[in-house]
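Each of the next two complexes has chain A plus one other chain: chain B in the first, chain C in the second.
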Partner chain A sequence: MAAQLFLNGLVTGLLLALPALALTLIFGVLKFANFAVGAMLTFGAYAAWVANVQLGLPLFASALVAAAATALAGVVADHFAFERLRERGSITLMVASMGVSLVIENVCRFFFGNASRGFDIPPSRPIRWEGLRINHEQITTAVTVVLCLIAVDLLLRFSPLGRAMRAVADNASLAAVRGVDRRVIARLTWALSGALLGLAGVLAGLDRAIDPLIGWNYQIPIFAAAILGGLGSPLGAVAGAIVIGVAEEMSALVIPTNYRQVVSFTVILALLLFRANGLFGAKAARK
Partner chain B sequence: MPALAARGLRAGYGRGADIVRGVDLDQAPESIVTVIGPNGSGKSSFVKTLAGLLPARAGSVSVTGRDVTAEPPARRVAAGLAYVPQEANVFPSLTIGENLKLATEFLRGRAGVGAEQRTRVLELFPELGARLRTRAGDLSGGQRQMLAFASALLAAPEVLLLDEPSAGLSPKFVGETMEAIVRVRQTGVTVLLVEQNVAAALRIADEAVVLVAGQVSLRAPAKDVSPADLGDLFFAKVA
Partner chain C sequence: MTAYLVTVAILVCEAALIGLALNFQWGLAGLVNFGVVGFVAIGAYVTALLAPELGWLPAMAAAGAISAALSTGLALLSIRLEENYLAIVTIGFGEIVRLVILNEEWLTQGALGIADIPRPFAALGEAFGGDLVFIAFTGALLAIVFLGLEGLARSPFGRALRAIRDDATVTAALGKPVFALRVRAFAVGGAVMGIAGALHAFYLRYIDPSQFTPIVTAYAFMAVIAGGRGSNVGLLLGAGSIMALLEGTRFLKDFISAIDGVQLSALRLGLIGVGIVLLLILRPQGLVPEPRRRVADVLPGGRD
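Then we have the complex of A and B:
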């Protein structure tokens, strides 16, 4: 039982890692907490559903459509809302992200209604191994997330865009006088975060029914993961997501599963009280 | 043609009063001009306005005859104007190698930027080449200053703006920093040096510009300006 919960928690944590990474990238580069992560995840889930169910594309292609569509949604949100408010400070941007979140959620509600939907994928038997039950969806989630994390890590460490993003996160004014166009980097950060959230939406849609509130179910754990890791630290976001995922699942051993989000709330509360910079706080604080 | 020119430059923060109040400057190519003045005289604001980090409310800035007043900071770098801020002048989470790489990555197409310039700059600052994998955040103040100079120079600038490069450095490093500035000028770069350490700045500069309350109160060859005589000027009331 405990091993099964641990495995489930690991996969849940990996699923949380993508949106937590997206949240921390936006925070690191653009210096505000993006409350639209949940809504963008929902948008990604619906984009994939349209591609998969209505257009008949296979799930892999639908995931690419979702990533592209959500990346575009992020860029559009930046163009019409966030860029205009960039100099107004992080609180204004955070409130704006709440507005963007409501807009996205209601656009989804308008076009798709409140009914629950699911992807058109053939049912498959879970794999049984050493007494553990492993779903194909869990394997898909784990492989997808690990590949994405490797790709993002390589991008951040070795590409000019990654260096520019880290430079802007360190010191945006200095980056500007080194020839880095902050506007372009902001757009690309939104695109990258949007793509991650779109993919997270697809994986969330494999895990549960797609409805206008699917993203909200992950909102608190995403924030708990990013804060636990230290907002602004990509490695911290991933580590925080895995800890939160495992802790939430393992909490079923001691509390009813309906209350498992208590774990995320407790982590946020404890961090705010005792270690506001999170696990990788020194790095995040310096940024 | 002056390497750097400012005409009636005015700038300030938010909705506040002007901090830079109609500054004119004509700097000859390959010269060192030092801008000195008391605390709060607008020296750093002036140099930030030249770099494009503080928008000009009036007036103009041109680099080798090209008007860059409306250009954002990144485009001014591409036009040949490099700037080294007073503090936080390197990216601490990036290695020395990454700091240097970033300095040219977004300037492709600018003449002079490339492997040759990198070799030339690393010859000027040989200690950097040996420590490319060290995080910039782990460097001492003097080493950071060298990295900041090197990063700015990799852009093959016509004009280098330095904002108080000696701030916070030990006397030994102040001397080394001033020597580095002279070496930079010898490579054909025009240097505008904002400095609090007046004596050190006057020793290496060709011309001194004294800024008081955001206005030029004296412009003279550096050799004719004595630090001892500046007290009255610094505290004189400017209309």
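Then we have the complex of A and C:
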């Protein structure tokens, strides 16, 4: 039982890693907590559903469609909302992201209603190994996430874009003096985060029914993961996500499953009180 | 039609109460609270549980007190946090309240909700037509809260909060107890949200968890942004115009026959989101900007 929960938690954690990474990238480069992560994840799930069920594309192609569509949504949101508020401080941007979140969620609701939907994939038996049940969806999730994380890591570490993003995150004015165009970097950060959130939406849609609140269900764990890793630290976000995923699933051993989200909330609160910089980060959370 | 106007008027008053509370916390003291709905829900449930036993006034007082106590507790834990983190802690608090209400059925009856909540002055209502008495009650409640908060905003306490909002370091250097003032500001806001929740329960006389979604928080933010952060008069205008917009769009259905109920509600909620973003971009100071007091207003003979 415990081993099974640990395994499930590991996969849940990997699923959380993509949105937590997206949240932390936006926070690092643009310095605000983006409350639209959940809604963008929902958007990705619906984009993939349209490609998969209505257009009949295979799931892999649908995932690419979702990543592209959500990346575009991120860029559009930046163009119409966030870019115009960039100099107004993080509270304004945060409140604006709540507005954007409402818009995205309700665009999905407008076109697809409140009904639950699922991808068109053949049901398959779980694999049994050493007494553990492993679903095919779990393997898909784990492989996709690990590949994405390697790609993002390489991008951040070795590409000119990654260097520029890290430079802006570190010191935006200094980066600007050195000729890094903040506007371009912001757009590309939104595109990258959007792509990650879109893929996360597809994986979430494999795990549970797609409805307009699918992303909202992940909102608190995503923030818990990113804060646990120290907002702004990509490696920390991934580690934080795995810790949160395992903690949430394992909590079923001691508390009713209805209260899973309490685990994330408690982790956030305890961490902010006792170790305000996250496990890996160095950004001050205290005033 | 009269009944409908009465409904709108009461909804405006409730939105204004919640907005005034958020305006005190966020507009005046600069403390973000994304968990507004949690405090309103607590007020509503406390009222629903206590009003049949104790009567409306003790129940409403308890709603304010319990909500204030919980917001004090939350503030003690988290008010030192930088605003991004405070936002996430409060949003988490709102979710936890929802989970508790949904799952602790012995207390809250879970998704079923609580029915038959008695209204204040029910006997008087029977005699004169219930709605008129209730709307007078609502108006009086709003007036009392408005005057109370406006008084606080003009008091030394309110001035200290504005100073903290604008520059906490300088205020601390001037000897103001920043932490204690912030906690008190959060508690005052929490109390008013609890009272707004009580009004909600009295008006609908039936509450369930589905009435307390994060959208309540979004309305409150939009009211504060529309009205002008820190301005209570602006807030009344803001809350009024948002409710007018929301209720007005209900009639869209009569003109656009192609959309169904779900689409209509999605359209209206999406409009709120668009409204928040547009207001932030186009009119960040709101409809009625916060009055900037000059030295001359406070000290006769002081320099302008």
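Criterion: the second predicted complex is superposed on the first by the 282 of 287 C-alpha atoms of A that agree within 3 Å, B and C clash if a C-alpha of one lies under 4 Å from a C-alpha of the other, contacts with A are read in each partner's own complex, and residues count from 1 in each chain.
As a working rule, a residue touches a chain if its C-beta (ideal position, glycine included) is under 8 Å from a C-beta of that chain, and two chains touch if they have at least 3 such contacts.
For clarity, every value in this text was computed on a predicted model and none was experimentally measured.
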Partner chain(s) touched by A:Arg163 [first = chain B, second = chain C, both, neither]: first
If touched residues of chain A are counted for chain B and for chain C, the larger one: C
Partner chain(s) touched by A:Asn171 [first = chain B, second = chain C, both, neither]: first
Touching partner for A:Leu269 - first (chain B), second (chain C), both, neither: second
First, second, both or neither for A:Asn114, with chain B first and chain C second: second
Which of chain B and chain C A:Gln261 touches, first, second, both or neither: second
Touching both chain C and chain B, counted on chain A across the two superposed complexes: 286-287
Residues of chain B defined as touching chain A within the complex: 51-53, 72-74, 76-78, 82-83, 85, 88-94, 98, 101-107, 137, 151, 155
For the chain C and chain A complex, residues of the former touching the latter: 30, 32, 34, 77-78, 80-85, 87-89, 91-93, 95-96, 99, 102-103, 168, 214-215, 218, 221, 225, 262-263, 265-267, 269-270, 272-277, 280-281, 284
List of chain A residues in touch with chain B within their complex: 160, 163-164, 166-167, 169-171, 173-182, 283, 286-287
Chain C-touching residues of chain A, taken from the complex the two chains share: 27, 32-33, 35, 80-81, 84-85, 88, 90-92, 94-96, 98-103, 105-107, 109-110, 113-114, 216, 219-220, 223, 227, 231, 256, 258-259, 261-262, 264-265, 268-269, 272-273, 276, 284-287
